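For clarity, chains are labelled A, B and C in written order, and residue numbers in each chain start from 1.
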């Protein structure tokens, strides 16, 4: 065998090895979460209230709280995101402004999650005096979701061939009619895909909401938008910090499995939605 | 008086060449479910230019891409039968494909230069096979660029990026790069299809110059070109070899009606 | 018509304001610390009780865990991407990518939990330490967290190199590793750099997982390359102390100053990334 063929064999082996390592890590991570999570999983755990600082009882209200946070965030973010995407795609004509808008969106995407939490703490909780609440948590999550949804919506609006627009204008439609009748129906799927991707990320976020939206325990369903909530990620955080307590750790694994399942529901839907999107665009 | 036999046994006309460089026996190719080549039996004579012609979709590219096994990477590729080269089966006797490919060089339809300098492109394949001294490099670059008549055009800017060349020049550079590896056989997959007519002619002349040293297998859909440069023609239609033979016979006196129609009207009912 | 234009322009303005508001808020609130400490912010002592707010240990910690993470994740991720893009049967590529995406979606708090329950224990046992909550543990955990991102993006980068380059190089009798090393990697270099920059930004900004396993001690280890001692990153510091410090105090302001530093770095990284990835063009038919 020549040196070259030995080098080639070694190279292929190394890349297989690297992939093997990654596969092993994957199996380990999923295995650990599922195995440990299943041990504490039962109907009782899912449907009862946490007690004894989370070490016993269930996580019903944490699940409800997490869902409340992201649902409210979706309601807040969707109109703004679609509007911004349309602005970027249909209204911006100057390259400089386009560049600026891209930079702003990518900046928002690049801000670390903990910074969002700090911003919320300063601006909403302290300056506006809203207090620690569901509403502030949702606003901050909405901000974090914004760039993802804007970008996917923008891409799907932008990928509509300009002949569609020209034909619609030729039929005497004005810009708004073109947007509502031609562009939005065509790009609706893109926006939904973006929303699902963003939701999968947002529901697992801890750092942005831990200062501003959640209380650790003693809360069930918030009475109003301006009451604090409990959530799964912050619940896991609190339990993880008392990791020496067997029962607390056990419940942390259970909560993790539930949280991961919620994330999976969103990300698998996003995946399916994207496949469907591809089908539509290939038609 | 002995009656003249009504039927005379005519031996199947086979061109007589000293040696066969490549031949295939019952060679079949599938891409997933599509049966692309069906029981191909061809013999390519050594030296000279063999043109593989046929309507698009007849499997001519697939055939020459099977000879140096570039097709192996195509998803869903499956082959049966054999292709022999120098008495060795290409599909079973070559564990190390690079050895096969140093002996069988290939030039593709679209010129594909690497984003490197012109001289680096010429040396790209050959520099892997052995250590080259500086002098050897210079010699190899000049020799091979001269072989493709590119030397005069680029000798003063060998360090420029190869992407700055025109498509026709790029294609000639690709041929030079392949020649530098010193293959015994040159496979060319419609090398003139995506270059301008002038460069196309230049490449044809180049091939005519090269044919005394190399076995050249050329896939083309350009019948004028075939008539200009071929020594030997293989006519493929719908994945089957209809007829093969030397040019004079194929053009003036083909056995099959299909061959006749195709070579005169470039039309084929298959 | 007018309402519609108002809506679209309005949402664009809201988006822009959000970004600007975040920056302005951070700058305004960090000014107190800058005014009180000036260049003393860039020292090694952090002790709010003595009004010492040196941020260097945290900057060091962030840098250290990120470097460890990249050194582990980039080679492994790139090699794995070469496998999925160039060696693996293309039929399997789509499922593998979906699995990677799911892996990338595991919330960081869950990584943190796994870090506490396993990694810190392993590191502690392996090196016979009192506590396994070290800079190395955090780096390891981060490496695993950014691995899927690196693999997916590097795989895309390699996969986007047109097939003709592979065929041409194979036709010139190159081995697979030569094709990858001499043809594909140089062509995909810009996108791969972009992937690494993006992963770098993610690693710097990661909070929860790091916070749980790094040990949270505000000093640079002795000697500085001792990754087996506890440390502190900017994010873990923020996660631990922001809620404890009083709003408006110099302590709080010093924390915000660190946050501003972090944002400045990650935002410039992501903007830089944007230049690496190609912009999509509108289809004109």
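Remarks
Convention: a residue touches a chain if its C-beta (ideal position, glycine included) is under 8 Å from a C-beta of that chain, and two chains touch if they have at least 3 such contacts.
Computed from a prediction, not measured in an experiment: that's the story for all the values here.
In terms of which chains touch, the assembly is arranged so that all chains touch all other chains. Distance from subunit B peaks, on a Cα-centroid basis, for A. The mean-CA centres of subunit A and subunit C are about 17 angstrom from one another, to the nearest whole unit. The distance from the centre of subunit A to the centre of subunit B, each centre being the mean of the chain's C-alpha atoms, comes to 54 Å.
Computed from the mean C-alpha positions, the centre of subunit B lies at a distance of 51 Å from the centre of subunit C. Looking at subunit C, one finds that residues 175, 178 touch two or more other chains. Within subunit A, contacts with two or more other chains are made by residues 4-5. Multi-chain contact residues of subunit B (touching two or more other chains) are listed as 98, 128.
Interface residues of subunit B, counted against subunit A in their complex, comprise 96, 98, 128.
Across the interface of their complex, subunit B is touched by residues 4-5 of subunit A.
Of all residues in subunit B, those touching subunit C in their complex are 68, 70, 73, 75, 97-102, 105-108, 110, 112, 114-115, 124-125, 128-129, 174, 177-178, 181. Across the complex, subunit A meets subunit C through its residues 4-5, 7-8, 11-12, 14-19, 21-22, 25-26, 29, 32-33, 36, 79-84, 86-88, 90-91, 101-119, 121-123, 126, 143, 146, 150, 155, 158-159, 161-163, 174-176, 179, 200-201, 203-207, 210-211, 233, 236-237, 240-241, 243, 249, 252-253, 256, 259-260, 263-264, 267-268, 271. Taken in their complex, subunit C has these residues touching subunit A: 1, 4-5, 7-12, 14-16, 18-19, 21-22, 25-26, 29, 75-80, 82-84, 86-88, 98-99, 101-103, 105-110, 112-114, 116-118, 144, 147, 151, 175-178, 180, 201, 204-208, 212, 235, 238-239, 242-243, 247-248, 255-256, 259, 262-263, 266-267, 269-271, 273-274, 280, 282-285.
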